[in-house]
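Both complexes below contain subunit A, partnered by subunit B and then by subunit C.
Up next is the complex of A and B:
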């Protein structure tokens, strides 16, 4: 049998490379090369109008960020967005999954409805919400009907980012709910039965069995959630017609990168900003990993 | 027992409340797409249109003659991207899981590294590379860079690692080579994993906004999400048109979801931390 499989190392190697070839080419040209190129660009002043021109300027693009007010605004907006959206959507997802996992009828239908936002394009969701958020729109009408205060959801700088937060929590929580639901079903039933015999209450069971079991999934959900929220773009772009307004209140880091790269055509600086964002995301992920690991030791 | 009943009632109320909150925006958008402009602007909360009309759907195709083209572009790009990903990701995943060739470990490491790196880094360089290739405003510019996907290569590798070896060994005994084994034996048995992948890749390509925004400036080449955004800019308060156009963009994705619903849930589990 071995003889049949190993028609010589050479054949095996050739097969391996031929299977990998498309991936190697596409990833090489459109992922690996661009990463190196991005680092290269970030140390240059790039001119793309007329003749393509590069001028080495050392770390000046990076120093420039420190004094760039809009960078700080974008970072602050993005952080605020991450800090509110990630915990809220994670807890909401867990809550919904726990309820759906109990002996409830019609699970299937609830799941189908909850999942509608996940399969809808962000562009469509944003437009639907902009219409609902309209000053004369559905949401304000409902709020007024209950005698609650109404807001200028899109035009008021102190509210606009929160409007996007609400929309995105609403649209992403169900995806993570499904992930939690799958993890909940993997917890061995015998654990709960044993706990019941020992006289553990439902609350004890939740904290001593369910939560520890969900830890790896939660880690996954929070990491993906953080990466996703740091990359907020479509919604801000459509909400503000690309400006990040009103008054920079929906300006995110990715939107800022877009503006510098494709509106001001300042690609070197934009590349430096993209590297900064990547560094922030990776740093947060690493910090989070150590926190999760440490807790495991206790 | 009495208490238990109350708890259950509360749980149902929460679920139904959340289901309503999820459903209302869609219902409201759908109803607007069948309303006339005066009815839209009146600001009344009625989900059933007073003057039911199909004019909006007709108008978006006649007043925006490119709408049909955008629809075609979106379908074409999404289908090509999905087909290429299914083939290439499976090939790479299979090679990484099964074939011992020099650099196997290195490639796997590179794929893992790519998974960790946020996509924004590659935006600007990719744009410049596409520009150099003369691929801006082209189908290949939209399709080729996304023809493979590190996440799903990783997923396929995990799938093939757990795949029973005996079948392939039997195929080898029958004198099939690697390629024949892959196409005739392995791929047909990987259907669930492929279906899961197909849904996610299709949805991703269909809904993508950022990449088309960067590389397309020619209106004829726009995909639907981009067209929708332009459309919104042109018909700023014609929400009945905008909602009708939104529904056109949503329905194909919904149809696919309804069709693959079972696989969809499975696929989330697949990718979800396993």
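Up next is the complex of A and C:
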């Protein structure tokens, strides 16, 4: 009896695996193997142009990071970017979702308009924004029209990264707005009605019903947001034509990896940097999970 | 379900037939030579296509497959060289040549070159940029130097008749030419447009006896001699406030800010001439050799060569293509568009570039120009220089501090990568 059961289970398992085989093979070849190879490369000095040549150098690539000034600048820029962009875009997304969830007129149109930037390709958005940010461009003309100070948005190292932040917040917040909107519509109306009868104000309702219900979604949005912002590449690449300038102000970790891998062809060091970034992202995610879990216990 | 399966089957059959077609064609006796380059304008690649048609007419057994790579050209070429999918013949900028010559991925051309080809006709400094250990790895297809463009209308308005001959004059002129036409305290016309990149400034480092990179590949520009030349640019920008970068006035290139009248003078290459004529037909401008600094002439020269991939399957056919494109005839057909100058002296004379008042300053510059090339580590040095030079230019730190930092961080990176 037991044997038959086991055989049946084996057959079932085989069927299950064979259904998953295409995905597992594709994942294995294009995700797991490259990761393993990247780990392997990060301990080597690699020469790939001309004759291929690998030399084991132990942890030298990792030590090199500590002394590499540009790694620290890139990390600092990336952290600054994450710390400003993630909270802003999350709060903005929530705000927009709340507005669109209320019964204002023409909210369907607003939904479409708000969502448009997310549908547009980021490369195209960046090019449009470079035009808007131009010293004599739209933004400066509007600012000057109101008598506000104007900036050299792309050329000035102290504002270049902020220009990218503004652009990115504007373009990704709507995506999270949609996620919030879907979550908002899942909250039972009866809770609000009960709260109203108990004499709760709109603010009380927001903090005691809406926010707690949105916590899982917020966790998702913050995690995805942090991973996305840590991997910032295309916007700063286009803004600075690949250099991370002016004066390293738009240099991000992924852009630095790109520069070492494809400009200097130093694959070993680039792989080590990529591992470092992966470790940082994992660490941040683990920290977040513990924070959110602790609160769940209450 | 069945319907989609049938569709897939048809799709598969179509693919099989198509691929077998190409195989069949491959068996034909025609050899295909691949060629890659970038284009600065659609006209340019059209012209090259016409030259290639002439080549195919002359060599009926060779077919040329020409591909334009526009973005990040060198990254693409390097990656393709690594993946063994690089074209047989491709453009190579002198700036990137040392890396490829060192890594043994280019075919030396010495054995292919015969007397008929007339190698001595090439401008020697250009040819030297593609020589390493007495081997010639590339034949320069064209070049450009930098010269001073000046707006004749702006000069008339400022009662100036001659282009500045010395840097002191350039300083005075740029003060006279910096104007705020409508009185809103935002300058409408700057004296000089500058591009704060090492590729444009490296001759200034040499002017007072500085050097950019030493023989071991380490940066050495942060010396009093090296900084003296660079200080001239910083002074114009910060002290006199008579110079501007394109991004300061909302332009994307130097020639654009010049064409829009936002800079009365600009230091640019000959490629700006067709652009200005086409885009700003009303603009009246002339060119002159760069002003002398401390009595010495100086400018930059940029050159690009045709090189052959070492792993080329049909080397003789590839050489025939290079030889055709860089022969007197091929070069003449290519270089009469006026974007860049031909690298053969006889073709310059034949096309009359040395007599043409707009182009003569560029030709004259070839005699004393600094070639934009300085060994394998130049790309690293360049990144650090550009970053810090901008920072000095906008006044975040003194030039001395900025260049010292650029040099230290560049050398650190060079040492770490060895």
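By definition in this document, the second predicted complex is superposed on the first by the 278 of 298 C-alpha atoms of A that agree within 3 Å, B and C clash if a C-alpha of one lies under 4 Å from a C-alpha of the other, contacts with A are read in each partner's own complex, and residues count from 1 in each chain.
The rule is short, and it goes like this: contacts are C-beta pairs under 8 Å (C-beta built on N, C-alpha and C of every residue); 3 or more make two chains touch, one makes a residue touch a chain.
Here the structure is a predicted model, which means the values were calculated and not measured.
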| item | value |
| --- | --- |
| Partner chain(s) touched by A:243 [first = subunit B, second = subunit C, both, neither] | second |
| Contacts of A:68 with subunit B and subunit C, given as first, second, both or neither | second |
| Touched partner set for A:204, first subunit B, second subunit C, both or neither | neither |
| Which of subunit B and subunit C A:262 touches, first, second, both or neither | both |
| Greater residue coverage of subunit A in the superposed arrangement, subunit B or subunit C | B |
| First, second, both or neither for A:136, with subunit B first and subunit C second | both |
| Partner chain(s) touched by A:117 [first = subunit B, second = subunit C, both, neither] | first |
| Partner chain(s) touched by A:275 [first = subunit B, second = subunit C, both, neither] | first |
| Residues of subunit A contacting subunit B in one complex and subunit C in the other | 48, 134, 136-137, 262 |
| Contact set on subunit A toward subunit C in their complex | 48-51, 64, 67-70, 134-137, 152, 154-157, 242-248, 259, 262-266, 269 |
| Interface residues, subunit B side, partner subunit A - complex | 8, 11-12, 14-15, 18-19, 21-26, 28-29, 32, 41, 43, 45, 84, 87-89, 91-92, 94-96, 99-102, 104, 107, 110-111, 114, 116-129, 131, 144-145, 147-148, 150, 153, 169, 172-173, 175, 177-179, 182, 203, 206-207, 209-210, 213-214, 224-226, 228-229, 232-233, 239, 242-243, 246, 249-250, 253-254, 256-257, 261, 264-265, 268-269, 272-273 |
| For the subunit C and subunit A complex, residues of the former touching the latter | 72, 75, 78-79, 81-82, 99-100, 103-105, 245, 247-250, 379-380, 383, 386-388, 390-391, 394, 396, 409, 412-413, 416-417 |
| Residues on subunit A engaged by subunit B in the complex (per definition of touch) | 1, 4-5, 12-20, 22-24, 26-27, 29-35, 37-38, 41, 48, 96, 99-100, 102, 104, 110-117, 119-125, 127-129, 131-132, 134, 136-138, 141-142, 145, 170, 174-175, 178-179, 182-183, 216-217, 219-220, 227, 230-231, 233-234, 237-238, 241, 254, 257-258, 261-262, 267, 270-271, 274-275, 277-278, 281-282, 285 |
